[in-house]
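Scrolling down, you'll hit the structures one after another.
Look for chain A in each of the two complexes below; its partner is chain B in the first and chain C in the second.
Let's look at the complex of A and B:
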């Protein structure tokens, strides 16, 4: 195993060759913001929140998709990056309906806590608030498109871990929508095994357990580490 | 038939760079003038649009933003949601409903899309805004401060007139 040494935010760190900057930073307590990444699933570099500055490179890079290199000098929290991150989160808050006080995920939402961490106290954009459907056709779960930020964690966990590939994205641009199978209601999906993995990885209040009311939705993500290490390292860790 | 020598057209490109407008003698061969990289442009798929003073540059920027908004795949947030908000601001400038803060936000969003979008569509979507702001700032200012379209193209709405008065 080859090891690379690099500098992240003036801290000397080491990581395995080929590891992403994002993973090495988190291992060393430098918590780069993210919404589409979740440990255990493949990375898509879609939210652009984990972008970092690398010395000698003009362009910003998505740290979840950029491997470390020997001698690299990375900055994860500059005024320019903070400005970009704030704008991205504000864009999300204006894109669909995020009224936290009536949301199942209130108090345990990654979008909400990121907004708070970035000091967002108002949104500078006009709220789009499109009227989108809520799919409650599944026996145990629901999907509220109005809270969905299109991170595709549900798509990936269902495909990569459960192997069902119930979810996908239809449409494009601002009209993108998560769909089950070929657009059938979730409850009528033939591929869904009702495992609930998608509900556990959703960062917002979009996917929820039925019966949960405002601020009651809490998630269990332990299963991801459990399954992924079992598959990769043939070890069952708790 | 007068055909511009290369040397003459070099001088014109120099003038173009300085003044950003160029008055060509009749029947100048385009290839002699348009060395695009030199004047800070790209050719893309080979399209060329000719405009005169009756084209409103803000509306031109709005038109191109609408195109990018419709073409955005939606995978990354800056392009998917940013083009929507940039288009909304540009639309409000053309109807006279925008203010100075909107103009600032337009610039801020231009930086965001250029620097953080996942692909070339989002990264270049702000280009028409950036270059019209650079070369025709007075057109933006007339719409925002005087609620007037210098090209006579945009119709200011009642809401816009109210902001002005």
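Let's look at the complex of A and C:
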């Protein structure tokens, strides 16, 4: 295994050849913001929040998909990056109906805490206020499209870990929606095994345990590491 | 020339309002109306949302009495689940409801009405407010502020937040109470009782000087509606509806709050965004009734706690039959605060309060749920219809302040006729008209479920509707 040495935020770090900048940075305590990445699932570079500056390159790069290179000089937190991240989060907030004070995920939402961390106290864009449904046809879970940011964590966990591939994305651009099977109500899905993994990985209040009230939704993601290491390394660690 | 006097915005009430006073050619008042100029559509915006969200969503209607909305909404949710909630949850809900009555009444009495009561209706407006009170008697005002804080602190200790706690939910409440919280609540009780005795003493001493206002600010016969316990005592969380008349007779008793729509009608008029509820068997507007502190004290036979009981017996002697003078809402409010503090003490000593099991788990078992409770300003109903998947199809809220709407209109007209003449308008006259409204402590944000800061306008118009004078505050 080859090891590369590089600089991230003026810190000398090392990582295995082929590892993404994002992963190496986190291993060294440098927490690059993200919403679509979650450890244990493949990366898709959908949210663009983990963009970094690489010396010698004009374009920003998504750190979750960019492998490290020997001698690379990376910056993860510059005024330019902060501006971009703010913009992205504001656009996400304006795109659907995010009203944190009456959301099941209030207080435990990755979008909300990222907005707070970026100092977003208002949104510069006009809200779209789309009319979107809530699907509570499943016996145990609900999907509120109003809170979905299309990160596709649910799609990937269902496909890669559970193997059911219930979820997918339909439509284009801002009109995209997460669908179960071919667009049936979730409760009628034949592929869903009701395992609840999607609910646990959702970063926002979009997927929730039915019966949860405002600010009551909390998630447990320990299962991801457990299953992934069990599969890859045949080790069953808690 | 006939004219119309408008009071707009109405001050020291919670929300936006306007009063129109119509005068004839001789400058005498012919009629008056109390308009609520806010509009908000909470019923509409909860359509399509899961009913489990309703307590938190509905609590956003109001920053003064969010707890009442949480309770009525949670109770409607309990009914949709078809469960009986754990004892600890019911006791917590009662405790927090009393705390809410205490803090809301303290705001109404000490912050909004005390300036009229203790500085006088004709004191200059710049002084006639809580700051003017502070100059005169800082200790008394501080007691009032501390009473309000006590109520808010209980809400914070139990719910985790002062104003919009994430606490109540269908099936119970979210967390159990610890011993430290309970002990802190207990420790504040003696001071609260002492403050209320002082406030009661003071109010009773000045009442004689308000003989004219007592007589002419909303003094008329109506029905009174509220919740009572099975024993006919004061009840704020869970009981049956009783309706009494001005003579003190019981007109209807043991009415199921779930069936409110069968005996309460809601009319609407173009001059106000507020609905006009009335007792159906007597029609509109004949079925005029009042709710809130005065109504509750009129219909209950006793308070159920010793100190409040004593005050209530004395209170009842102020009327022949029922106490019909709206001015006595103030006194009724203080007695209710005393009852609230005594009830808080009893609940703090109740071992059930501390039990760990606070939430009943169940799926949806019904399509229609109604929850009611006594809010500070009167009886509150939340009524939800949900689809097979628990999404709200239709919601209807019957709010305390809107149930007093007809009575407030009548109060404004009575006060205007007696105190106002367009020939020589004095500020004190208009303040009396406003004070008539303040007796009811209306919360206009709640009753229209509307946004807004407090503002109050009085308009004077002639018979043709031309504006002759407008006073804005």
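The criterion applied here is as follows: the second predicted complex is superposed on the first by the 238 of 238 C-alpha atoms of A that agree within 3 Å, B and C clash if a C-alpha of one lies under 4 Å from a C-alpha of the other, contacts with A are read in each partner's own complex, and residues count from 1 in each chain.
We take it that a residue touches a chain if its C-beta (ideal position, glycine included) is under 8 Å from a C-beta of that chain, and two chains touch if they have at least 3 such contacts.
Remember, predicted model here, so these are calculated numbers, not experimental data.
Colleague: Classify the contacts of A:175 with the two partner chains as first (chain B alone), second (chain C alone), both, or neither.
Modeller: In the superposition, A:175 touches chain B alone.
Colleague: Name the contact category of A:187: first (chain B only), second (chain C only), both, or neither.
Modeller: A:187 contacts chain C only, not chain B.
Colleague: Which partner, chain B or chain C, is in contact with more residues of chain A?
Modeller: Tallying touched residues of chain A, the top partner is B.
Colleague: Output check: A:84 vs chain B and chain C. Expected answer is one of first, second, both, neither. What do you get?
Modeller: Touch partner of A:84: chain B, not chain C.
Colleague: Answer with first, second, both or neither: which of chain B and chain C does A:71 touch in the superposed model?
Modeller: neither
Colleague: Considering only touches as defined above, state whether A:213 meets chain B (first), chain C (second), both or neither.
Modeller: Only chain C is touched by A:213; chain B is not.
Colleague: So which positions on chain A get touched by both chain B and chain C?
Modeller: On chain A, the chain B and chain C contacts do not overlap at all.
Colleague: Please output the residues of chain B touching chain A within their complex, sorted ascending.
Modeller: Result: residues 69-78, 80-85, 88, 105, 108-109, 111-112, 115-118 of chain B touch chain A.
Colleague: Under the definition above, what is the set of chain A residues touching chain C in their complex?
Modeller: 101-102, 104, 106-107, 133-137, 139, 142, 187, 210-216
Colleague: Which residues, counting only chain C, touch chain A once they are in their complex?
Modeller: Contacts found on chain C: 48-50, 52-53, 55-57, 60, 164, 166, 169-171, 174, 361, 363, 389-391.
Colleague: Show me the residue ranges of chain A that touch chain B in the complex, using the header's touch definition.
Modeller: The touching residues are 44-48, 51, 59-60, 62, 83-84, 87-88, 91-92, 94-95, 124-126, 128, 149-150, 169, 171-176.
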